[in-house]
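Below you'll find the structure, written out as structure tokens, and then a few comments.
Naming follows writing order (A, B, C and D), and every chain is counted from residue 1.
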Amino acid sequence: MALIVDALSWALLIAGVVLGITGAIGTIRFPDFYTRVHASSVTDTLCALCIIAGLILQAGFTLVTVKLVFILLFLWYTSPVATHALVRAAHHMGLPPYLSNNASADAQKGKS
Amino acid sequence: MMFGFSCLALLVVMGVALVRAFAGPSVYDRILAVNMFGTKTVLFLAVFGFFTGRPDFLDIALVYALINFIGVIAVLRFVESVTHTGTGAD
Amino acid sequence: MIESLINIILFTMLAATSLAVVRLHNLFAITMLFGVYSLLSAVIFVELDAVDVAFTEAAVGAGISTMLILSTLVITGHHEKNPKHGPWLPLVVVILTGAVLAWGTLDMPLFGSLDNPIHQHVAPRYIQDSPEEIGIPNMVTSVLASYRGYDTMGEVVVVFAALIGVLALIGINEKKCAKRQYSSDERPPRPVLQVMSKLLIPYIMLFALYVQFHGDFGPGGGFQAGVIFAAAIILYTLTFSLDDAFDLISPRVLRPLAAIGVLIYGGTGIVTMLLGGTFLNYSVLAGDPKSGQHYGILAIEFGVGLTVATVMMLIFYAFVSRGEKGKVE
Amino acid sequence: MTEHLPALQVIIPLLLAPVVFLFNHARLAWILSVLVSWVGLLISLSLLFAVNDGEVIRYEFGGWEAPYGIAYKVDRLNALVLLIVSAMAAVIFPFSWQAIQKEIPPSLHVIFYTALLLCLSGLLGMAITGDAFNLFVFIEISSLSTYTLISLGKDRRALTAAFQYLIMGTIGGTFILIGVGLLYILTGTLNMADLALRIGEYEAQESRTLQAAFAFLVVGIGLKLAMFPLHLWLPGAYANAPSVVSAFLAATATKVAVYALLRFLFTVFGADYTYDGMHIDYLFIPLALISILFASIVAIFQRGLKRMLAYSSVAQIGYMLLGIGLANESGLTAATLHLFNHALMKGALFLVVAMIFFRTGGTSMRYITGLGKEMPWTMAAFVVAGLSLIGVPLTVGFISKWYLILASIERGWWPITIVVLIGSLIAVVYIWRVVEAAYFKPRPENMPPVKEAPAGMLILTWILVAANIYFGVNASFTAGIAGAVAAELLGGGV
């Protein structure tokens, strides 16, 4: 039983970490702000879930689990809102999205 | 072992986020990177508690999740009220 | 092995962050990186087992001070001006200071070694006798609130003095902007943020209370709780507006509360004096010294929390009212 | 209640500050501050008489014995500095009400008194505490409120000056903190008496950590007391602060910093380590001599009275450092005595400046011209206090310089005597400039006529002037205490 729990939390932690690294690569490699937001925010939710779930399996049913659940809920609640606010602000301030090599100038023109 | 490995991997993610925060180019990229750095630090603190065998320090992770969120909102709000026009690039 | 690797990575990131701060010129970016810097130091403090310090660093260093600096940037402008003088004098001073510090470490007792003087002289008494003498599990709180409670009172007065300074310099502009009416086809700004902050704020306040009263058992206490409580109001101010925040908690209410917090701390000391102990000797507060200590610590932590929360809110109000309303007029 | 006197000395002003802020009523704030300052003077006098025979009063906060909790320990040196601070407060606080009416907008009067009380309690706390970290806490309190007080000055330069002091003061405070931290790493204690006991073994080993701690503490406190190359904040701060604040700070703040230096150098590190181990005399004597000559000469060329007196303060601090540097009993007596004496003369001089500002609205030379006839009592006070600053016999200034000259002859370094005399001659020059302008030049046509300063202000100023004479004629009381303090410091007795 303990072995199964260990293996499961291993798998969850690795999955979470891999998602995190994927998102990180995305923020480095993607060409513009909006695509980078995509990379980091989409992976973020599942990354947090996997890692926290992996930890909960280890902690068992204790106060620690309750706190972990709070952290997860908090992250799930705030991080999409933060992303939303971020993209909205960037868009309102006129940060142009990257469309193709010569289309970004057109996009800016079209907007204003 | 498993926790130590995850800690290191999360540190790598944090480092990569920092690189984006240093590089910019726009102020929004930096906010994005700092936000990502913050959430990964929360996870790092959680895992690190298990790694050292004292997981009862999760309060700090919780506080930081909170502070990180309010920080991002604050930056956005003040960037908004300072730069009314322009691309926000520095 | 892994732990030292973690240490090395953390310190490298710390150094890289400070170098980036030096290199950048956009003050918003610099402020954010300062937040990152504080966060990294908080992680290092956790790593060093100084959990209460880490808690404070995360709440105060990364949290409230970042927000306060950001709110001043609206007043001062957000791009670094070219300095008038060359970098040489400061550079020499910094290098000299660093050199003396490095020189000082050469004969320092070995880090982490058990027979260091800091582990041998005063600390054992705190560790061994504080459960008996004070009776609360978190020794850091015992030292802060009882053994060295007078210092903590001094620090609360420092926070209060900072408020006095801010009020003297910029004050709080309490004049309200004309209330803007939204027409039916126009939605208020930031709808998502407003809804979510309304949902979130009660829980933040609840968490602040938990931190306030849990300080005897785990990391936490008045300073951190005050900051978290203030953060809730700051979130409200950011997502709604300053006028809404003034309607919620007016500076007229906060100002006396800031003074009352200090007076609760000092008053506890006066009461212990009148009961025949020395200043801040909580043992005389009840028949049993242990429960006396408990009451005393509860009272002074409340005073600390009250002063810190109100002062942080007032300073934030002062900066924002200066920055935003200054622009309207 | 008498056993609580050491704590009450600090706590009463400390807790009155929030009370004043709470009531938010300017006149009440002033009345309460004045009462507190007088109570404080009584407490410090009774403390001084209690310890004058060499006894030591202890007070343990929270009921925890010394190295575990925070303890106050009052000996003669503490009591003397407490007396200086609270006596100055007792004179300057009553004076302040009229003086601030023309310098600070009415809406800020309550803030002013809150900050003033915080500053007073911070300085008293620094002067009385026996705990190194507690000292730092009170340095923070006094510094923060000082920045506030300076920034309340009338024109915008006050803000720049306050900011400059903020930066320098924060660096100084940080250095002190680093020094205390290094001491804690070495010994595991923060109590000064306990530190002194446990530091000996590292002194014998010539520990490099201890040397770094020493350096940080000296530089940090040096910033606070405006030691010569670190004095740059002082002229701006004193010149632009409200006049009452200049008077209070000039009379107390640097004195308390000098006290902190004495405490660390002699009580914590011990005279042997300070002189033979770290050779502080080779640092202090040249710096002191340069500052006496340089700052005095700069003072001559100042157009504003306040700035001139500020540079003169830098020079006077040089005399105190010289006394410390000379490393004998007369030298330390001179330094300790000059703490008291300089407070008397600078307090009186700055109060005169405040009265001039009150009547004429300015303090630069053109406002003073021809003032001798219009404000005879004010200018007479300036002349007497100025004579004391120069060091004319029958004034307190002479007593300190006498001991200083004695010390340099004892040490066998008679050229120092000449520098001290030259310093006095330069002081004659800058005081004479004011006297000449006030008495021997007619009032300029375009200046409106002025009245003599209000009687209340004059009386308070003349109390200080009279003290300048009294302790100059009858120096046995002050010199007795200073001598005993010096012997105690050099003997390393705790």
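We adopt the following convention: contacts are C-beta pairs under 8 Å (C-beta built on N, C-alpha and C of every residue); 3 or more make two chains touch, one makes a residue touch a chain.
Please read these numbers as outputs of a predicted model, since none were measured by experiment.
Comparing per-chain C-alpha centres with the mean over every protein C-alpha atom, the closest match is chain C. If each chain is reduced to the centroid of its CA atoms, subunit A and subunit B end up 11 Å from each other. Computed centre separation for the pair subunit B/subunit D is 48 angstrom, with centres defined by C-alpha atoms. Between the CA-based centres of subunit B and subunit C the separation comes to 19 Å, rounded to the whole angstrom.
Here the spacing of subunit C and subunit D, counted between their Cα centres, is 32 Å. Touching two or more other chains at once are residues 5, 31, 56, 59, 62, 66, 68, 73, 79, 83 of subunit B.
Each of the following residues of subunit C touches two or more other chains: 193.
Going by the touch rule set out above, the chain pairs that meet are A-B, A-C, B-C, C-D.
Note for the complex: subunit C touches subunit A at residues 190, 192-193, 196, 200.
Those residues of subunit B that touch subunit C in the shared complex are 4-5, 7-8, 11, 14-15, 18, 21-22, 24, 27, 30-31, 34, 37-38, 41, 44-45, 48, 51, 56-57, 59-60, 62-64, 66-68, 70-71, 73-75, 77-79, 81-83, 90. Chain contact summary for the complex, subunit B toward subunit A: residues 2-3, 5-6, 9-10, 12-13, 16-17, 19-20, 26, 28-29, 31-33, 35-36, 39-40, 42-43, 46-47, 50, 55-56, 58-59, 61-62, 65-66, 68-69, 72-73, 76, 79-80, 83, 85-88. Only residues 2-3, 5-6, 9-10, 13, 16-17, 20, 24-26, 28-29, 31-33, 35-36, 39, 42-43, 46-47, 51, 54-55, 58-59, 62-63, 66-67, 70-71, 73-74, 77-79, 193, 204, 207, 211, 214, 218-220, 224, 228, 231, 234-235, 238-239, 323-324, 327 of subunit C touch subunit B when the two sit together in their complex. Contacts from subunit C toward subunit D in the complex involve residues 97, 100-101, 103-109, 116-123, 125-126, 146-151, 154-155, 157-158, 160-162, 164-165, 167-169, 255-256, 258-260, 262-263, 266-267, 269-270, 273, 277-283.
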